[in-house]
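Chain naming follows the written order as A, B and C, and within any one chain the residues start at number 1.
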Amino acid sequence: MKDFIVFAWKILPSLLKGTILTIELSIVCISIGILFGIILGIARVYGNKPVYWIVTVYVEILRGFPCMVLLFIIYYGLGDIGILLNPVLAAGLALGINTSVYQAEYFRGAILAVKPGQMVAAKSMGLSKWKAIRYVIFPQAIRLVLPSSSNEIIYMVKYSSIAFIVGVQDLMARANIEGSFYFKYFEAYLIAALIYLVIIFSLTKILEILEKKASIPGLQLRQG
Amino acid sequence: MPITLQVENLKKSFGNLEVLKKVSFNLEKGKTMVVIGPSGSGKSTLLRCINQLTPPDSGSVVLDGIELTNNKTDLNEARSEIGFVFQNFNLITHLNVLGNVSFGPLRVKGKSKKDSNDIAMEELKKVGLEDKAFSYPAELSGGQQQRVSIARALALNPKLILFDEPTSALDPELIGEVLDVIIKLAKEGMTSLIVTHEMGFARSIADEAIFLENGIILEKGPPKDLFSNPKNKRTMDFLQKISQLYGEE
Amino acid sequence: MHIFSVILSELPQFLKGILIAIKLAAGLLTFGFILGMTMAMLEVFGNKIISKITSFIRKLLWGIPQIILLLLVFYLPFDMNPMIAAIIALGLCSSAFQSQIFRGAILSIDPGQIEAAKAMGLKSWKILLYIILPQIMILSVGPWTNEFSSEIKDTSLAYVVGLIEIMRQARYIITYTYGNSLAIFFFAGLIYFVLTKIGNTIFFKIEDLLWVPGFEKRRE
């Protein structure tokens, strides 16, 4: 036990350097995910027939692709046809696209869960379709989507751990390096795991508080 | 007449709130006893204390000689001799009507599937719902669900049936069909203890009535006395309030 | 086109990877099911201490990235073959998710029915077997289908411990056929897409078969 703590202390600085990259990567892919998720979600709900079908096919197929496959496609695949991306960019893109597809589904669900009467009321007040979406539907949908969206955000932070496979120098990569240097793989991974747990639990708590702050009495996903 | 149910000095508190304060009464075999009283008087708690769903703090409950409040008594065995009809029916969601009614004989009493189903169909005939045997609870009206729940209680061939406000959760037009079934059972000699707000029904069906308020039996007696000439002022106040609310029956 | 003929001729190799992935998925889902159901029961019906401990374990397994647990299990100080390590590690993670599903199902069962069963004199284990368990099944199929799809895709993570599942197989194929990574990895992706689609179809059918009036219908 004592040795473990000593070892942990020794490699901690190195691991924390990697953690910074992990956090940056997470922020990038979550942002891409939410941005595209909202766009795709709105497209699927309010788009005309061709838009709906294109987005639906895109979302349905990509939902069946594991994170790692997208990562390999973007890093190795594009690399093969001449588009060389640096690992961090590739990982950010791959993870971002992956999560955007799920966020799209959640937003779509949230928009559809807003009571239809709201749109009718907005229109009968004279609001245009886009204004109604912006001022009436959207604020409600955002609150309805928070639980699923937050969940997806946490998943992404966890999945960002695969980035090291293509060479991103994140927490996992550092743990790998330290593990192989001291030949203490298990201990290194254990410490990395603990760092992840700290990040994830803090994030969970923050998101919970955000949800509470944003909540409106009477506005829930499950009615009654 | 032999005494089926003996309740003595029942006491129950929830935290600081004393809900039952020394309740005692006897119920003779074949008779129907009705419990009336304001909300919060402890009526439901009384029923639940009898079959120990809510174990009383002190006091004794004896059913046909078996002391339910004794730790050594096989409670499950004893409960299978008592039917309980809940305000919210509490039918098993994933079983159809036949499955629900045959559940007692099949799973509690260990009878064969065929025997259980036969018993179930008989009881369903008694409550007038044999044609709904293969429907699911969710497909039935509240009144029908409650009648199924009565059939379910009957299927156990119980010595006593406890009714906990059987019609309080029903829409007004469905109340009659359930009350008719309960009246029929009483006429056939089923020992019953009924908690209800339906005064006209209570007056017509009861052999004896109890007025419970704040955990104490304020008055007990045959309906023609309790309902028409109550001795206690509180009883009178309550009956007046109820008749204003529901209209004289 | 050259790439199509390559994929076609390598189909048997892909198939090998698919079989391994399916084996892994079956193993980890079963492990996750048993552990998850146990944890759900303990957390809902256990006493305060057991409930808290189980809840803590569940949250721990839920918060840890799968790939780290995979590596941790693999690098345990004794000989571990990749398939076993993957089944254990991914199974543990899955058990956390499945436990959530089952917990949710148990908590949405109307407690009145359980009271009615008690009032009839039904023994506790029988209440569990004849009332609670059947309803857990009906209520869980929907969310479980999602978990199933997730885990099929997560078999790709076993790549890092060297298991020759679909991704690693694809890598090998690219290497020895000097093939086009883009096309071959995209094809691998399509394999997962097809597998999850087949799985979903089967489970939707099961959901329809188990459904009984009185439960929510998740789809039209």
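Basically, contacts are C-beta pairs under 8 Å (C-beta built on N, C-alpha and C of every residue); 3 or more make two chains touch, one makes a residue touch a chain.
Model, not experiment: these values are computed from the prediction.
Colleague: By C-alpha centroid distance to the whole-protein centroid, which chain wins?
Modeller: Closest chain centre to the overall C-alpha centroid: C.
Colleague: So, comparing C-alpha centroids, which chain is the farthest one from subunit A?
Modeller: So the farthest one, by centre of C-alpha atoms, is B.
Colleague: Quick one: subunit A and subunit C, Cα centre-to-centre, how many Å?
Modeller: 21
Colleague: Measuring from the mean C-alpha position of subunit A to the mean C-alpha position of subunit B, what distance in angstrom results?
Modeller: Here subunit A and subunit B have centroids separated by 55 Å.
Colleague: Rounded to a whole Å, what is the gap between the Cα centroids of subunit B and subunit C?
Modeller: Taking the average C-alpha coordinate of subunit B and of subunit C, the gap between them is 46 Å.
Colleague: Show which residues of subunit C lie in contact with subunit B when the two form their complex.
Modeller: Contact set of subunit C toward subunit B: 109-110, 112-113, 115-123, 126, 130-131, 134-135, 138, 212-215.
Colleague: Could you list, by residue number, the parts of subunit A that touch subunit C in their complex?
Modeller: 61, 63-70, 72-73, 76-81, 158-159, 161-162, 165, 172, 185-186, 189-190, 192-193, 196-197, 200-201, 204
Colleague: Where on subunit C is subunit A touching in the complex?
Modeller: So the residues of subunit C touching subunit A come out as 59-60, 63-69, 71-72, 75-77, 149, 153-154, 156-157, 159-160, 167, 170, 174, 180-183, 185-186, 188-190, 192-197.
Colleague: Would you mind writing out the residues of subunit B in touch with subunit C in their complex?
Modeller: Within the complex, subunit B touches subunit C at residues 51, 53, 75-82, 84, 86, 88-94, 96, 103-104, 107-108, 136-139, 149, 156.
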